[in-house]
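Note that the chains are named A, B, C, D, E and F in the order they appear, and that numbering of residues resets to 1 at the start of each chain.
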Amino acid sequence: MTPLEELPLWVAILVSALLILGSGLALFGSIGLLRFKTFYERVHAPTLGSTLGLFSILAASMLYFSIAETRLVLREVLIGVFVTITTPVTFLLLVQATVYRDRFEGSDPIADLSPERRTVKTPSDPHP
Amino acid sequence: MTWADHLVIAPVLIPLLAGGAMLLFEGRRREVVAGINALATLAQLAVAIALLVMSTQGSPAQTVRVYRLGDWPAEFGIVLVADQLAALMLLLAALLACAALLFALAYWHRAGSYFHPLFQFLLMGLNGAFLTGDLFNLFVFFEVLLAASYGLALHGSGRARVRASLHYIVVNLAASSLFLIGVSVIYGTAGTLNMAALGERIPALDPSERGLFEIGAAVLGIAFLVKAAAWPLGFWLPALYAAASAPVAALFAIMTKVGVYIILRLGSITAEAGGGESLFFAEGWLFAIGIATISFAAIAMLASQDMGRLAGYSVLVSSGTLLAAIGVGGPGMTSSALFYLVSSTLTVAAFFLLIELVERGRTPADDVLAVTLEVYGAEDEEDPEAEEEVGVAIPAIMGVLGVAFLACAVLLSGLPPLSGFVAKFAILDSLLDQHWLTVGGTVSLQGWLLLLVILVSGLTTVIAVTRAGIRAFWTFTDRELPRVRGVELGAIALLLSLCVALTIQAGPVMQFMRTTANGLELGRPYIGAVRAQDETSPSQPGPAP
Amino acid sequence: MELVISITIGVLAGSGLWLILRPRTFQVIIGLSLLSYAVNLFIFGMGRLRVGKAPVLDSVVPPYLAGYADPLPQALVLTAIVISFAMTALFLVVLIAARGLSGSDHVDSVEPGS
Amino acid sequence: MSTHAILLTVLVALPFVGSLVTAFHPTNGRNAEASLAAGVASAGLAIAAFFSRQIAQGSVIRAEFEWLPQLGMNFVLRLDGYAWSFVVLVCLIGLLVILYARYYMSPEDPASRFFSFLLGFMGAMLGIVTSGNLLQIVFFWELTSLYSFLLIGYWYHNQNARDGARLTLTITATGGLCLLGGMLLLGHIVGSYDLDVVLRAGSSIIDHPLYLPTLLLIAVGVLTKSAQFPFHFWLPRAMAAPTPVSAYLHSAAMVKAGIFLLARLWPVMAAHDYWFWIFTPVGVTTLLVGAFLALFQQDLKGLLAYSTISHLGLITLLLGLGSPLAAVAAVFHIMNHATFKASLFMAAGIIDREAGTRDIRQLGGLYRAMPITATLAMVAAAAMAGVPLLNGFLSKEMFFAETIETHVVSALDDALPYLATLAGVFSVAYSLRLIHQVFFGPAANNLPRTPHDPVPWMLLPVGFLVLMCILVGVAPQAMVGGFLDIAIDAVVGYPTPKYSLAVWHGFTPAFFMSLVALFGGITVYTALQTYLSGDIEGAPILRRLKGRRIFERAVALLSWRGARGLVQRLSSNRLQPQIALLLCVALLAAVWPLFQNSITLRWPKLNEVDASFLLVWVVGCLCAVGAALLAKFHRLAAVILMGGAGLSTSITFAWGAAPDLALTQLLVEIVTTVLLLLGLRWLPKQDKDAIPPPSPTVVARRVRDFVIATVGGIGIGTLAYAVMSRPLTFSVSSKFLELAYPEGGGRNVVNVILVDFRAFDTLGEITVLGIVAITVYALLRRFRPAPDSVPLPDQKYFQNLFDAERKRSHKEPISAHYMFVPGIILRLLFPVVGMVSVFLFMRGHDLPGGGFVAGLTFAIAFILQYMAGGARWVEARLTVLPVRWIGFGLLAAGCTGIAAALFGRPFLTSAFRYVEIPLLGPIPMASAVLFDLGVFALVLGATVLMLIALAHQAIRIPRTASKAGQAAEGAA
Amino acid sequence: MSGVILSAALLTAKLFLTLAMAAATFRILYGPRAQDRVLGMDTLYVNAMLLLLVFGIGSGSTVYFEMALIIGLLGFVATVAMAKFLMRGEVIE
Amino acid sequence: MSRWLPYPLISVMLLITWLLLNQSLSLAHILLGGMLSVAGPWFLLRLDAPRLVIRRPLAILQLCAEVAVDIVRSNYRVALLTVRDKPGRTPGFVRIPLRLQSQYGIALLACIITATPGTSWVAYDPDRDILVIHVLDLIDDDDWGEIIKTRYERLLMEIFE
């Protein structure tokens, strides 16, 4: 196990960059979660953290441990895979639930979709 | 180790394995499960008797048997300690269990699911709490017995039970939090959880640590007082016991005694460090709380119309009497308190069983929900038993029940000729003895207070119980005769005849209590035995073959 | 850091206590959970805080208390977590049973004023 | 053991044996039972006769049995002259009453119960008089109270009988308890409870500082038992008992127990002014009040009852005077009163039975109808009035003579002769009234029955007693001289005071007092005759002041309404106050040690604060406070926030070097959230707008709760800080670290503690989980939802409607369109999560993980399938037997522990070694792993059981509801 | 040098992630609707997982990996349950 | 084969998972992992999971590459939006008829769409094969439908069908 100080500089810089990129994306995502006006928009924000943000930090971790332990450390891949396949389950159900709830309250956001009308724009916040 | 050495663990293991084995049946084959339960209960009785006998033989050091779980030294492993007091409590629990089970087999075990495993788990919790020599392990066994008691209290469901249990659970969850806080502060200051080691560690604490330790001990003490249902922490008890099914309530009669037992045990272990005072209760508090509990319960008995509640409050009276007696302290008083503990527990249990039989003719069995809903895992299983009549109406039944009721009334109020009188007399006599020794031929205010409160509580018990008895037996409404099974009467007879035996054999029993109380003095034999384990046989490293 | 943890324990406990004093069973169950967090942290803290020295032995650090976090409170907390989990589940079921039987989610199974 | 001791024991034991035997007789065997009872009484008399010579010589017979030697309470029987005389009295009157009762009781009455109780009472009474131990007296004393209760309540279908029984028991039991207190003190003053020791104590008792409290306590016992003012009122109420009981218990025997004891303790306690000042005023008041009230009774038995009270007052007064001669008079009057009063009660019973009423106003001219009864009653009444040549006259004259003497210089003592004479006047008047209004005057014509003399057997006991009255009255010395000597010697000791048992003492002041009483009585009766025949109930002045009424009101007030009020103040059935109290008490307890010890808090090192973790905890605190605020109206938000707080806790654990904790906390968090959500389905909708604004009391309660919560939070936080900020100087944990690997075979010390060092905790902990799971299951089997939560949730109902219009219907939730994608992913996750679970299990011993975590993880794999496809879908495909898993887990963990015992090691001793396996190399094998497997199985089973038991309610309830609906339709 | 850079980066990353957690917490607190809170919770979990990974790098210890793994694999379960609850009113049908 | 190894591909993936979890290639782990990987899919069979067949394994790599690029690009775009929202941005729903039939394919598509910031899966109607997604910044009406169909659906169909 190599202590922090003895890592090669390039590794340190790379790891640091990945860490800052990843955590920065996560932060952006969470800020987006706060700032976007409607739920359907907010859903997009956290994916920053759960995709590229996550991958960056995983990469940082893999890199760091591979160098520090002088062997190939790949188990972080698992976290990436797990998150990538589980996130859709949450989001699908959550968005679907929101659609239902909106519909139940009389404002079906996708009611107007039809073979003729393939997009519906929702510029303003339906629930101020 | 010989097999006899393993007897100490048996009271915990038997119910554990029995409970586990019963679960393999998934609630089916009730006869088999009941059989396992009966065997396990009898086995526990046998073990308890054996331990009791063993605890009275040999030198004082030999009477305290220490069992090192996992073969780790007592200092950091968990030990079980079976001394006379523990053996006595084990025996009491086993006896109650026999009676409660006998009673339950007539009807109540069919009133809901998993009565038998829960019954055994409750015993496991009780036995573990009596035996363990480790504070945190005590917490675990408290939780075992509480969890099982929740299950048993809810046995049969119904609105009253659920409501009472809800209160019981919340109060006890809060108390468990206090328990954890207390235990962890004790660890955080003294660095050990072993009770015996604690007794030795306390004097080594610096003043500030000592202060923190005492805070932990005080918080822990409150948790015990909740278990003992002391005023003002025990209002959940009467409703719960009144709502619980009869055999469960009877078995619960010993639950408050667990709190009392622990207070006694820890008080004795820490007494030397505390300069003769229990560290868990600042001077006089335990006594004051006991007096308050008796007074409150005595008044409440007068105010209760329902027999179940009456019995519930009588539990509080007995709890309060014990707390006050322990608060007074001294070996004489302790031995009297132990006698009282045994007698009052048996009595209250008998009373709970009896009440159900007496009331059976009066109220339809509406407290048992008609079960028609099918359940998970079992196909549309209509509980056919729920409709079935219990027992037969015996013509002279009211007479038999009346005699039993009279016996209970006499026992509860401490009137002659049964053990209730002996117990009450013993406590008062010890009180005066102690005053004669310490104050020299006069009685302090404290003494007068206890005398007064005990006498008055006896009186209010007489008034309240007679009122209830007259209403039940002497008021003629065109009631149906209660349908009663022989085993149900047998269970009550067992408990009452134990009280009778206690009366007749009062001398030898009191002698036993004396030696038990002497063994508790300043916790020396207990601490000595546990510590001796570490010295004589250091941990044996290496694998077992 | 002890101060921060202590304040946290205090806030968790305070919130929990406030909730277990509330009249609705659901508030109580949330309160009990918060209280159990507070208590678990409390027990944990009784072994004193030690950052980054998990009691998982390695070949570098000799097995003394100076080198590792105190394992005993951790074991105690584990037990406490399990037990409080069980109790939360139990209380949940009791509260819905009470609600089912009485129609009310008040802790006394009776709506106040009725 | 000598023959005497055996016989003495038999004397006391025989009635109890008889009582038991009788109890098992058939209820209608009057003859057999009465014969048995009479046999017992006769045997008692025979034994007494056998002892008479020895007793007459002044010796004391003792029998001692060890009972409770530690407390100085042995079973001691002690027969001296005084006790002997009471034995004779009790047995003799008992025999006569039994004989009488055989004919008195109707065939419908359950005779076995009656005679059983009567014999029991006789035994208890004999027990009192032969007790050689103070506490034994109390013991039998309370027994007599109990039998009295049972006998008064014999005809319990009668409201009067029930009330009378209860009243009697209440008063006499109170007295008994006081007596117990008094005896305890007395025993401690003397240093022994043994009566012989007490009677030898000399003046040490009256010199003791606790003499007064002892005396007061004993006095209450004595005065209640002997129906002395102000406790007298139970006795008239006790007249609801069958007449033989009144004759025996309430005139001859039980009420004499108090006086018996007074005389018993007289030698060692009377020589003090307190004694005089307690018993004399009480005695004289009772004497007067009883006599006065007796005159105005309309019930024959009521008159006799008040007369009894009055006579008991007389005896108390005599004993209270403290002079030996007064004591002699008292003992003599005890015997005389028993004789004439018992016979009068029996006569009253005969009249009641024959005429069908006991109302003096309705009765009249019975002399013609029942001459023998009338004659006997007249003689007995004359004895009661103190007519010369009858026994009552003698003792009454002794009484008058004694009142004239000076005992304690005081106005009361001076007034005694006048008060005594006044009482005598009343006594004559009521006796006269009894005779005149019942037997003479115009014959009653509207009686319920036609009266005539009863069978001779019934008259025999009355006749015998009346004969005794006459014989003693005419030839006192010859008849009872010896008897009285024996009794008195034992009380007042040697030298026996000189007293004369002559019929004629000359024209003494006492004789004139008797004369005044006789003529005064005649005058008073003549004056009041018409008034008394009128429509009055009770005495003119005291009518309003009815002791019983006052007492009953007081008892009702105290014991019912007052008690209820008090209990409502002192306790609460509601949960919130209980919790508030608990918290306050706990806070108080925690603060208390601060007064004795100073605890210093160290100043925090703020520079050590890690900003990022500060933020984690800001998040945690926000979540906690948010949960506290939102739990009422936003339940889901509260669940989420609770999860947030849990996550923060979890991160703290991770940060504080407790990865196991963090992992466990996290998984528990997840499962708890799912559980709570499953439960939310059954809670009522909480509408914020429907709730009225809080009332001032609600606001006040919230303020209170806020204060408690704040103080509690600060308290716990401070305590935590105080402990954490100082070093842990000593800890057993160092041992765990040292031994974990070499002896426990694991590197993860926490896990080694859990499965080895403290595996017993873990065993208990998993048991808790198992118990809770089966409890949850059992309770949910009986689950009955509130009516408003039975229908489908709104959103589900609405969606199903919406989908039904547009989409293919689906049978299983798994094939619903919204589950199309999640369903496939969730199913794929099952083996993955299972594998991770195995992974966590395997590495637990060396790295974070272990059976518990693995079990929870695997349980979550199941939950996911349930969420994806619904309960029925999963159970059709996977065999889920959670209860068995729990059972297996417990057995596995338990048996692993037991295995050690086979090798002679204690339970749970673990074995650890490397096993060399070809190709695979050394594989670590620890028996603790097997234990952990049990943990795994149990946790898995318990978690799954709880979740699916809850989940099943949602599918069960609609089905049952629809079934019930079909049934209702079918019925219609 | 490496140590300085890495420490600074770790500190920044931790700060960013905890700030992100705080932001998610505000979303939970303010809602406005249940689904927003649930979304906040999911974000909170993801951020916590990232924090643990960063913490693992910082401490050089591998014991935090499991926790991150478990959040990654199972952190969604609570959220899914809530989504299901919001959608159907029942978590398990 | 199909009886003992109903889902060979999944078994392989599970084995890889096991080895990754344990960070080990020791024989013991391969054996143990192998056993678990064989046993796990039996449960899938019980749970009626559809068979997983991959026609063109190499297309997966292509897909991965494209998705990776998309993820990076959209991360950048959305990150900008979170800091400074574009004034004229119009979010909206898009209806996309799908030809893709494989359940795994659709699931993977869901993963991709979710993983790409800026698009999110809203609803899928298996009866009519219609997908609705939400787009954060709806630049052109037809753009998104085409992107999904050409970039992902085609590849997915190649892989799974």
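Operating definition for what follows: a residue touches a chain if its C-beta (ideal position, glycine included) is under 8 Å from a C-beta of that chain, and two chains touch if they have at least 3 such contacts.
For clarity, every value in this text was computed on a predicted model and none was experimentally measured.
Listed by label, the chains that touch chain A and also chain F are D. Contact with chain B and chain E alike is made by C, D. For chain A, the chain whose average C-alpha position is most distant is D. The interface with the greater count of contacting C-beta pairs, when D-E is set against A-D, is D-E. Here the spacing of chain E and chain F, counted between their Cα centres, is 22 Å.
Chain B and chain C have Cα centroids lying 28 Å from one another.
If you average the Cα atoms of chain C and of chain F, the two centres end up 39 Å apart. Counting only residues that touch two or more partner chains, chain A has 1, 29, 31, 43, 45, 50, 53, 75, 78, 82, 85-89, 92-93, 96, 100-101. Annotation for chain F: residues 17, 21, 107, 110, 121, 123 touch two or more other chains. In chain B, 136, 140, 143, 147, 150, 154, 157, 162, 166-167, 170, 174, 181, 185, 187-188, 193 are the positions where the chain touches two or more neighbouring chains simultaneously.
Chains touching one another form the pairs A-D, A-E, A-F, B-C, B-D, C-D, C-E, D-E, D-F.
In the complex of the two chains, the chain A residues touching chain F come out as 25, 28-29, 31-32, 35-36, 38, 40-41, 43-45, 47-48, 50-53, 73-75, 77-78, 84-85, 87-88, 91-92, 95-96, 99, 109-110, 113-115, 117-123. Only residues 1-3, 5-10, 12-14, 16-17, 19-21, 23-24, 26-27, 32-36, 38-40, 42-43, 46-47, 49-50, 53-54, 56-57, 60, 62, 65, 68-69, 72-73, 75-76, 79-80, 82-84, 86-87 of chain E touch chain A when the two sit together in their complex.
Contact residues of chain D toward chain E in the complex are 611-613, 615-616, 618-619, 622-623, 626, 634, 636-637, 639-641, 643-644, 647, 650-651, 654-655, 659, 662-663, 666-667, 669-670, 673-674, 677-678, 680-681, 792-796, 799, 813, 818, 822, 829, 832-833, 836, 840, 847-849, 857, 860, 863-864, 866-867, 870-871, 947-948, 951, 954-955. Residues 20, 25, 28, 32, 35-36, 39, 42-43, 45-48, 72-73, 76, 79-80, 83, 86-87, 90-91, 94-95, 97-98, 101-102, 107-109 of chain C touch chain B in their complex. On the chain C side of its complex with chain D, the touching residues are 1-27, 29-31, 33-34, 37-38, 40-42, 44-58, 63-65, 67-72, 74-79, 81-83, 85-90, 92-97, 99-105, 107-108.
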